[in-house]
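Next come two complexes, and both contain chain A; in the first it sits with chain B, in the second with chain C.
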Partner chain A sequence: MSKLKKLVTFKHWQRSTKTAVILIVAALVLVFVLSAINVSEQDMLNNASPAIKQIIEEEKTSSRKSLTITYNNLGVMNYISFTTSGASAIKESYVGFAGAIYGADEGGWKFAGQMVNYTYRMLGTGENLLHGVKLTLLLTTLSMGIGAIMSVFLALGKISENKLISKISSAYIFFFRGTPLLIQMFVIYFSVPGIFGFSWRSLFSAGDPEAVYKGAFIAALIAFSLNAAAYCAEIVRAAIQSIDKGQNEAAKALGMSYGQMMRTIIIPQSIRRMIPPLCNEFVMMIKDVSLVFAISLMDITTISKTIMTSEGNYLVFIPALLIYLVITAIFTLLFGKIEKRLSIYE
Partner chain B sequence: MIKKLFALALSVMMLLSFAACAAKTAEEVPAAAAASVDMSSVKLMQDGVLTVGMEIGYPPFEDFAEDGTTPIGYDIDFAKALGEKLGVTVNFVNTAWDGIFQGIGVNYDCVISAVTITEERKASMLFSEPYINNYQAVVVKKDYAGKIASFLDLNGLSISVQKETTSDILMSDYVSTGSIDATISANEKVTTCFTQLENGEVDAVVVDSTVADGYLASNPDKFVKIFQDESEPEQFGVAVAMDNTALQAAINDAIAKLTAEGFFESNVAYWFGK
Partner chain C sequence: MSDYQYILSTEHLYKSFGSLEVLKDVNLSVKKGEVICIIGPSGAGKSTYLRSLNQLEKITSGKIFIKDELFLHREHNRTIHRAEPEAQKAMLLEMGMVFQRFNLFPHKTVLENVMIAQVLVRKKTPEAAKKLAEEIIERVGLSDKLDVYPSKLSGGQQQRVAIARALAMEPEIMLFDEPTSALDPELVGEVLGVMKQLAKQGMTMLCVTHEMGFAREVADRVVFMADGMILEEGAPKDIFDHPTNEKAISFLRSVL
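Right after this comes the complex of A and B.
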């Protein structure tokens, strides 16, 4: 009860916590107010020049559609653009901010509009889970999760006294650490189906237009999990072996079995030591996910490269960097908290 | 308990990830009511749908519009017209260029992605009749004072090409055989070449004429196509699986009909402004 009281009494908070909370609340309020007063999509559409409106009218009846209307709403700021394809391309864009609409074809508003558009696309807003940030997060967490579970068995296998199990585990780790992840992914995506006569796409119904991407995702998930397992296994093994031999002997002297000793004494202590290198591995994995460009999936890096190709704008890499930084910061913080919590064992 | 919860959370995430995968990027085009090409013997991966593989990221042939999801380009319009003639809907699958041909017959029925018809490729896949001609072209700045009437005139200049393209191979041949003495800068992306040209880092860009036309049409006051080598045309075709002769025949039939209707002229005019 006293704990709860301490938590809700603002006076008792640490100074740094106070500042952080005030800043976050202020930012949230600002975001909320700016989103609330921002212009609506309809207003943005109505703002188009007469020429564009005429094209929109004409296209209602023509078979060739050349106009693309892009509307990106990031809450605080929204962006709309009217682009026609083909050799004589017309482009018109606007940014909505704080209740007003600004032309975004040149100057500072152009930059702001581009940033909104690029960020929106990289976040994969309005798309399914196999796009942008969502793909990066999904693939990283799933493959690290599966990899971490596998790695415990691999690590115990490697330090096992059974020669066969030890050799098999060592060989697995040697193989997956000794070959590049990109090639492992190629082998799983291209070679394995070729050898065994199936296709990743056929795992899903033929009528599903996204079946190819889902198939590629499964292949990538398998490759990343197998690879993560090998790297994590070495982390787990090192952590287990770093626990003082004396504990081992004491457990034996108490008449504990190997399993009891591992479960109740060694592994709980080694977990804390695993956290920093596992966090490291996790952060590496976030960036390794960009390799999926090679098998047609669109993660943050691939999307930024696509934008670079079609618009030749190097500024696209700025929001890409920021998005990566934010993701990494969140996970670093999370792992830091976990590490702190587990420190009670030391 | 924790393990169970974790397993549950994992399975829920897996489920969610696929449940959420509703049709999105792949664009469906409503089929024409009546097919004008005989499709009775053609076997598609999915009945009534032509699945087309392409590397979306090669403007003006295939590219994403600014919304990041709508495919646009010469090949897109061609594929849609093809689908209309075949009486099927078209589903585009965006795929990486590496390994694009391995996916034919596995992930998609055919590849329409500015694929040059070559003898080497013919050994492992079938090609339709060519649907556009492409040449190697030299692009310079508008105020370029010199005269370039053949590739030999590039002697002494610095040139920019896109890495591992026909242009790159051609220029490397000219330099390695000693025909010309030029510095070549090979870039990952063709847009980089034009940026280099604009910034004055190179004197000329050697590039596919189709790409040059598309780029020049949208930047008419900056660059000019000074030379185009018409002696060696390259032709782009639709690639289909080696054993799918029925589809090849149907596509050829459709291309013949589109040619007769003047589709290609209007598509070229639309995308390359000629």
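Right after this comes the complex of A and C.
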């Protein structure tokens, strides 16, 4: 109870934590204020030119649509664009920021509007769960989680005195580290269903419009988990073997079984040593997820490349890089905290 | 009185690492309550002997007896069988071990270090384990350090916790493997103090040590080992004052 009290009492925190918390709170307040005073979608629609408004009115009753309206809301800033197709195409766009609306057809506001639009698309906002940042986060955390659990067994298998178990574990690690992740994913996505006569999408109901994506996601999750397990296994093995042999002997002399020793003495001590390389592996995985482009899933990298190809805007990579940096920063911070928390006894 | 002659004895113990013979025909018998100090030059096989007693090293050949029964075995219908795992563990737990480098569990507090094996191995309730642990920690004089992690303790204090941890398993024999060799000179006394107190309480002890003063004062018998063999054994007075073996003479001359 006193621990909890200490945790929530501001003056007990370390200076860096205080600074970080103050900055984050300040940023949240700023975001909240900016979002609160920002213009609504209706305001943006009302701001359109008379020509556009006329088309909107006309198309309300007709079945023919020539006007495309794109609305992207990032909270602090939103963006709307109207595009008509046909001979006399009209294109106009606006950015809403801090309670005012600005024309975004040229200059700085055009740039800002594009950034909002691209960021919105890469975040996967408004799209299904398996899109953009959501896909990246979901695939990375799930496959690292599954991989980490598998890796403990692989590592224990590899250092096992049982020759057969050791050989099997070693072979697994050798195979998954020795072949490209992309091909492993291809094998699971294309070859496995081919051999066993099923399709990944058929795992989901035929009526589900996202069945294709969900199926591809499951295949990717399996491939990434199997691959992560191999890499993590070496991290876990190295950490376990770095624990002083004396710990082993002390546990044996006290009559502990192998399982008791591993569970209560060796693995708890080795976890702290696993954190830095596991963080490394995690951060690599965030970027490796871009390989899913090959099985029709859209992550941050794939979306930015698609935008680049279809719209020819080379500035699209700026928000992509920033998004990656933010994700990596958050996880690095998190792993650092965990490492510190586990170091109390040293 | 006990229904056995020797609490611990070894017959023709051999141990080799590859082609290197570390123990060559080591025979020793220990009575209950005896304190035996094993001395000798480094590389003599003293630590290996101690470690092979509680299975940290597998012996190449020879026999170990605990209370006159073959270690890890049991007699049934006049034939000797390998004992069941539980029985083997019980025999192993007749011996407690204290290491040169303490080998405390760094992620556990002093109390947890002394409790953990009681709960896991002796299957005691945490309450019972805690009660005994506190009692033993008090005996080694560290009652004020119960919730401290080992890294915050001095070497001498760590070694006393290690002794407490071994005692908590209630062994009948304590094996000390150079318990003071890793300590700063001013910390040696507190550990030897605890060991003397144990000897006085009648604990059977085997100590590999370089503390000749301790051996002379506390030991019932001193064993001199060199080259993997016991070359001389006897009362401390005889060994220290009138050694007969050539090697013992030169070793004692260099350390005394």
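We take it that the second predicted complex is superposed on the first by the 310 of 346 C-alpha atoms of A that agree within 3 Å, B and C clash if a C-alpha of one lies under 4 Å from a C-alpha of the other, contacts with A are read in each partner's own complex, and residues count from 1 in each chain.
By definition in this document, a residue touches a chain if its C-beta (ideal position, glycine included) is under 8 Å from a C-beta of that chain, and two chains touch if they have at least 3 such contacts.
Note that the coordinates shown come from a computational prediction; the quantities given were computed from them, not determined experimentally.
Aligning the two structures on chain A places chain B and chain C side by side, free of any clash. Residue contacts after overlaying the shared chain place A:Arg64 against chain B, while chain C stays out of touching range.
After overlaying the two complexes on the shared chain, residue contacts for A:Leu129 are found with chain B alone; chain C is out of touch.
By the touch criterion stated above, A:Glu210 is placed in contact with chain B alone, chain C being left untouched. The superposition of the two structures on chain A yields an angle of 140 degrees at the Cα centre of chain A, opening toward chain B and chain C, reported in steps of 10. Look at A:Gly197: by the touch rule set out above, it reaches neither chain B nor chain C.
In the superposed model, A:Ala294 lies in contact with chain B only, and not with chain C. Once the two structures are overlaid, the count of chain A residues touched is higher for B than for its counterpart among chain B and chain C.
By the touch criterion defined above, A:Gly255 lies against chain C but remains apart from chain B after alignment on the C-alpha atoms of chain A. Contact with chain C, but none with chain B, is seen for A:Asp244 once the two complexes are overlaid on the shared chain.
By the touch criterion stated above, A:Ile265 is placed in contact with chain C alone, chain B being left untouched. This overlay, made by fitting chain A, leaves chain B and chain C with a least C-alpha separation of 18 Å.
For the contact definition in use here, the chain B contact set and the chain C contact set of chain A share no residue. Of all residues in chain C, those touching chain A in their complex are 51, 54-56, 89, 92-93, 95-97, 99, 101-108, 116-117, 120-121, 149-151, 162, 165-166, 169.
Listed in rising order, the residues of chain B touching chain A in the complex are 6, 10, 13-14, 16-18, 20-26, 28, 45-46, 49, 56-60, 63-70, 72-73, 77, 91, 93-96, 98-99, 102-103, 106-108, 189, 191-192, 194-195, 213-214, 217-218, 269-273. Residues of chain A touching chain C in their complex: 244, 246-247, 249-256, 260, 264-265, 268-269, 344-346. Looking at the complex, you find that chain A touches chain B at residues 64, 66, 68-72, 81, 83, 85-89, 117, 120-121, 127-131, 138, 141-142, 145-146, 186, 189-190, 193-194, 199, 201, 206-210, 212-215, 217, 293-296, 298, 303, 305-310, 312.
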